[in-house]
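Below are structures written as structure tokens.
Next, two complexes with chain A in common: one pairs it with chain B, the other with chain C.
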Partner chain A sequence: MNSNISYREALEKYTPKKESSLPPTTTAKGALLEEFHPDYITECRTTLKSGVNRGDSCHTQLAELLQSDSRINEANLAGAETIETDVLVIGGGGAGCAAALIAQQNGARVILATKLRLGDSNTVMAEGGIQASLNREDTPQLHYDDTISAGHNRSDPKLVSKLVLDGPDVIRWLIQQGMQFDLDEFGDILTRRAGGSSADRICFYRDYTGLEMMRILRESVHNSNIEVWDYSPTVELLGDEQGGCSGAVISSLQQKRYIQVSAKSVIIATGGIGRMHLNGFPTSNHFGATGDGLVLAYRMGVKLRDLDSFQYHPTGLSHPNHLTGSLITEGVRSCGTWLLNGNGERFIDELSARDVVAAAVIKECREGRGITTEDGNVGVWLDTPGLELRSPGILAERFPKLISLGKKAAIDPTKEPLLIYPTLHYQNGGAVIDVDGRTEVDGLFCCGEVSGGIHGKNRLMGNALLEIISFGRRAGLAAAERKKLRHNGQLSIEHLNQLRRELSEENLSLEKQGPLLFPDYAKFDLDSDYSKLRRTQKI
Partner chain B sequence: MNIKDQANRLLLHPERRFGADLDTWMVDVGGEGLENALQDPDSIIPTIKNAELLGLGGSGFPTHIKWSYVSEEGLNEDGSRSTDIDKYLICNGNEDEPGTFKDRILLKETPHQVIEGALITALGVGANQIVFYINPEQKGSLEAMEEATEQWSDSTLLQRISTELGRPLELFVVASSGHYIGGEETAALESIEGNFPFPRGKPPYPAKAGLFGMPTLINNIETIANVSHIMRNGAEWFKSLGRGSSHGTKIFSLSGDVLRPGAYELPMGTPLQELIDIHGGGMLLNRKLKAVFMGGPSNTILTPKDLDVPLDFYKVQERRSSLGTGAMIVVSEGTGVVRRVTEYISFFAKSSCGQCPSCKTGTYYAAQLLTKIDSGSGSQADLDTLINLTKILPGSGRCHLLDGAMKLLDSSLYHFMDEYEQPLLIDKTVDNR
Partner chain C sequence: MSREEAITKDKPEVNVTINGDSIRTPATLSVIQALWHAGYPRVQGVGCLEGVCGSCRVLVKRADTNNISMELGCQTLVEEQMEVMFLIFPSPPQHNYKLEKIANSWEVQTEFHQIFPEAQQCRNCHGCSTVCPKGIDVERGVALAVKGKFREAGDLFIECIMCDLCMTGCPEGISPNHVGLFARRVTAYFHTRPSNLINRLEKIRTGELTVVHETDQA
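Now for the complex of A and B:
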């Protein structure tokens, strides 16, 4: 890696070009992935020793968390208040809001508990857009084929078929809620092509589609009777005698106490794991993406799938250092931006699936054709000046968020290329669900990134935003159905005793506690010495 | 013998748990006890008496006394057994006590052990109708028993019993309503008669006027399961299974904060410490033992100083507790006793049939007060009321539900008064501020 070209030298050599042809591929897709994609690093994999996935392959960091001890025991619950409801939604991102809204509209009493604030989520990070087969040349069948093939045939076909068929209705619903999309001169929704797909299918609003989506969802939630609990991470689920889920233990950070919620159905919509920084990668994820839902569900006995598959987004910012990991939307590549190595050459079809592009970037950097900054970060060029040269004005018009990112980085993307490197972006796998978001545990639903099966081994751009609304709504509807049950279940933490028994029997350490709730580096201690963090110089 | 190997040697023997398969049962140990009983039906009750078999459903009442009462009912003037008066045997499998899970294993995994025991019992007391009364909410019990009784239908052994009885012996499998109270003797009678399981007043005792007004014997599944083995190997052998001065074995349903919870059949008289440490694998995460809810929660609580108690009906009684169903709910330091008691009293409040006003309102009121105290909003007056309830309520209900609930409450107040007072104290400091 040290033989890479230095940032300054590469920048001097760089000139935006009008035309450039793609060099012939030297490595086959499969071999490229196997050699360079982080999912394939064998040292980072282990076999789970406890729980329903016993014997399955899993990333070591995730395994450590799945096989950790609970944060609570009975003593914590002595004196805890119990609040009753029909549906408890855990997570205040897009999936959680969609589920809560639909459940509430179907007559259920809903509590939405979120770890941070409503809308603090990866939904707002989604820039590129949302997939839905609206275009005249497009069909749900094509969408289905693209999704399955991008996922390396590892997706659950039933889930994918529901996803693609829901697509157009999801867009209609979002517009009804007040969401805006970029339109053409006739007022039709503009679409563009995502990497790895065969038709123009991405609907978008500038390059902050997710932010716009979250805006309207948050407003809808605030204008409903949904009870929203901010700063209320869920630390554990509660079970009944029959092994079903009957509620959750919520830690109220503001009141500094535990609250037990007794619910007829619980929907987990906690999102992904980016902030675990698997393999030391930077992440594009928001602060709360610590994989809590996976841990909670796993302890209740929900089977997880594709635990060794994560998405590394090819274009995370790599320079300057303080913005490392920030996401640059795939939309930029969809519009025709090239990726150039240190020598100014293209090296991969930029519109290949994300895992392939990410692996290709890592390959360039590892084989000495990358660019190294003074901080030691590596990467390749995202040739935005080239795009500007070919379609003048497009960056300012379509990608205001990119321009603003450029301002923060003191780089003008219309004149200077951006240094990018893959960033940990998405958890492809997750809890096994059916078409209504039901897990195998009675009364427990999962939707959004925490669930698995839709994206197989690799996700298409824009399918995540579609998934959270499509399956969020499905889970909300199915969860609301259960309000007809006569009683709320009994509340017990016997499943935690079972967990501790299993961990003891397997001689696993009980020192680490889960769920993580917050990244390790965020846990401040009053006694810590912060003098080193204090700024000594004026900038 | 290694102490660990003392577990599951008779009723729960791993090789005996093959489900509804009569042929395998006959190849194993089946038929021998019944054959002995058929050779000399008059020896059945004396053998049970010599074996000193006790009621294992919780009472610990000598089985042979109950049997003799029923046996002496329905006689002709000359002392011979009447063949006109129906006589019933009810095998009570309505197990629903929190923390108890032994009968369901016997029914599901060893149905023929239960059935053969019941046949011998019927022969001994002259019953011509056997009812297996089973909780339908336990998965598999009902199905296994239905299949197993069907397998006996053309057995020659069954025909020989009928000949001996002078009339056909009939077997019925009846699903209970699933109510907790349906396990009470007289409530079971009502339930089988097709009514809501309201316990009846006593007397008359079921032995005189039970099911449909006929003489009826009611025994727990575990008691019945022992019968064929006693008839097979004799009373002395059965007595020798116990430890020290105790006889036979007992199935303990171990649950709570231990490493390996489960059903363990151990020699009667095994110390509590051995059950927890050796069979149960010790306390979970090496936590400290705080209390044991013994015999199901309708009972007094044992504390660590009672760990040496030999688990035997009489020895446990000496500690002012009772063995009950053999449920052992182990609780470690860090568990809130008030919350546990609240859960159990709420369970009793929900399970009360509502027939006796003192029970209906008493359990409900106690549960309300407990919830209040547990959630930190109780006052000293609430606690005083609670204490008063434990004094005035016992004995005022038809059955033992209310007594059991109050026994638990009283015992927890006795051992853990500080935990009841603590949430009240917090309340005071708030007021002072």
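Now for the complex of A and C:
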């Protein structure tokens, strides 16, 4: 890697071009992925020894967390207050808000508990857009075929079918919540093409699609009767004697105490795992994306799938240092921006599926055609000045977030290329669900990134924003229907005894506790004075 | 942690003051990273770490000036003798309205003044515009909304991250960011009617377009 060209030298050699042809491909996609995609690093794979997925392949860092001890025991719950509700939604991103809104509109009492503040999520950071087949040349069937094919034929056909057919109605629902989309001169929704797709299907609002979506959803939730609990991470689920889920234990960071919520339905919408920094990668994910929901669900007996498959977004910023990992939307490549190696050559069809592009970037850097900064970061060029040369004004008009990122980085992307390297972006798999977000555990639902099955082994751009609303609404509706049931009053953590027995039998360490809640570098302790400045033991 | 080591090892250091505590930190870190690096837990006031969630509001004073600016802690690089104060405050109570309760687009302006009666009290002090970390002309947005120019008002708030700083900067207790969001929402709610979307909804509703998937074929 050290033979890479230096940042300064590469920049001096660089000139934007009107035309540049793509050299013929030398490596087949499969071989490229196997050799260079981080999912295929064999040292990072292990086999789960406990729980319902015993024997399945899993990323080592995730396995450590899935096979960790609980953060609580019976003593913690001794004096804990119990609050009753119909539906408890865990997580305050797009999926959680959609689920909560629909559940509440269908007559359920809803509590939404979130680890940080309402809206602090990966949704708010999504840039590229949301998929929905709207154009004449496009159909839900093509959307379906593209999704299945991008996921390497590992998706659940029933889920994908619902997803693509929901697409247009999801867009309508979002407009009814007050969300704007970029429109053409006739008022039609503008679309662009995602890498790995056969039609223009991404609906968007500038490169702020997620921000626009999240701020209207947050406003909708705040203007409803949904009870929102900020700074309230869920540390465990509660069960009943029949093996169902009957509520959750919530840690109120502000009140420094545990609260038991007794709920007829629990919806986990906690998002992904980027802040676990798998394989040491930087991440484009939110501070709270630590895979909490996976751990909670797994302990209750929910089967997980595709735990060895993660998405590394090809274009994370790699320079300057303090902004490393920040995302640059695929939309920039959709508009025709090239990727160039240190020699100024293109090396991959920029609109191939994300896993292929990411692997190709890693290959360039590993084989000495990458660019290395003084801080030791590596990457290749995202040739934004070339795009600007071919379509003057497009960056400022379509990508205000990119321009704003450039200002923070002291780089003008219309004049200078940006150094990019893959950044950990998305968890492709997750909890196994049916078309209503139900898990195999009675009363427990999952929706959004924490669930699995839609994206198979690789996700298409824009399908995540569609999934969170489509399946958030589905889960919210199905969960609300259970409001007629009676609270059975059983709030047990017996499943933790089972967990501890299994961990001991398999000689697994009981030292590590899960869910993680916050990345290690935040040095968070449950007893740390969380709003002021005070050093804790965990330095 | 190896990644942190790579970023911080052998890098020039600077002295900064964060919430009154002196901290020595590598110069390549953001304000939040510097705090973590120095061993202070920081959870509240941390969010997306990409400058779009409005969680990490900070007051910043740089060595060469007496000016104080409002910035985002995740996006601000530490500098020698920089003074930083985290602005952690709960979100003030919200205005309560429902889009579906507004009968039609003729009613929007009247409804707006009922929901945000204080908006017309704006005394043009520029407080809101001055504190906006995104450089939005907030005050003009409020003025446009008061005049019923909701589309134009909303367009000014495209980059708004709902950090609530403009609310704290307003002596009249206006919530300019929520005014902006209201303006954006009514524009979509009453005026976005894309024909490509409407056609497609109809074709799916009638069953003209559907999906055949593997389990159907089996």
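One rule holds in what follows: the second predicted complex is superposed on the first by the 521 of 539 C-alpha atoms of A that agree within 3 Å, B and C clash if a C-alpha of one lies under 4 Å from a C-alpha of the other, contacts with A are read in each partner's own complex, and residues count from 1 in each chain.
In this text, a residue touches a chain if its C-beta (ideal position, glycine included) is under 8 Å from a C-beta of that chain, and two chains touch if they have at least 3 such contacts.
Just so we're clear, the structure is a prediction, and the values are computed from it rather than from any experiment.
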item: Comparing the two partners chain B and chain C, which touches a greater set of residues in chain A; value: C
item: Touching partner for A:E505 - first (chain B), second (chain C), both, neither; value: first
item: First, second, both or neither for A:A522, with chain B first and chain C second; value: second
item: Contacts of A:I41 with chain B and chain C, given as first, second, both or neither; value: neither
item: Partner chain(s) touched by A:A396 [first = chain B, second = chain C, both, neither]; value: neither
item: Chain B versus chain C as contact partner of A:L485, first or second or both or neither; value: neither
item: Partner chain(s) touched by A:G79 [first = chain B, second = chain C, both, neither]; value: first
item: Residues of chain B defined as touching chain A within the complex; value: 256-257, 259-261, 284-285, 334-336, 338-339, 343, 374-376, 423
item: Contact footprint of chain A on chain C as seen in their complex; value: 1-4, 6-7, 11, 18-21, 28-30, 33, 35-36, 39-44, 46-53, 55, 75, 77, 88, 91, 94, 96-100, 134, 154, 158-162, 178, 181, 184-189, 192-197, 200-201, 204, 209-215
item: List of chain A residues in touch with chain B within their complex; value: 73-75, 77-82, 490, 497, 500-501, 504-505, 510
item: Sites on chain A touched by chain C in the complex; value: 116-117, 119-120, 124-125, 132-136, 139-141, 144, 157-158, 160-161, 164-165, 168-169, 171-172, 175-181, 183, 186-189, 206, 208, 210-212, 215-216, 218-219, 222-223, 231, 253, 277, 280, 282, 284, 286-288, 320-324, 326-327, 375-376, 400-401, 404-405, 408, 518, 520-525, 528, 530-536, 538-539
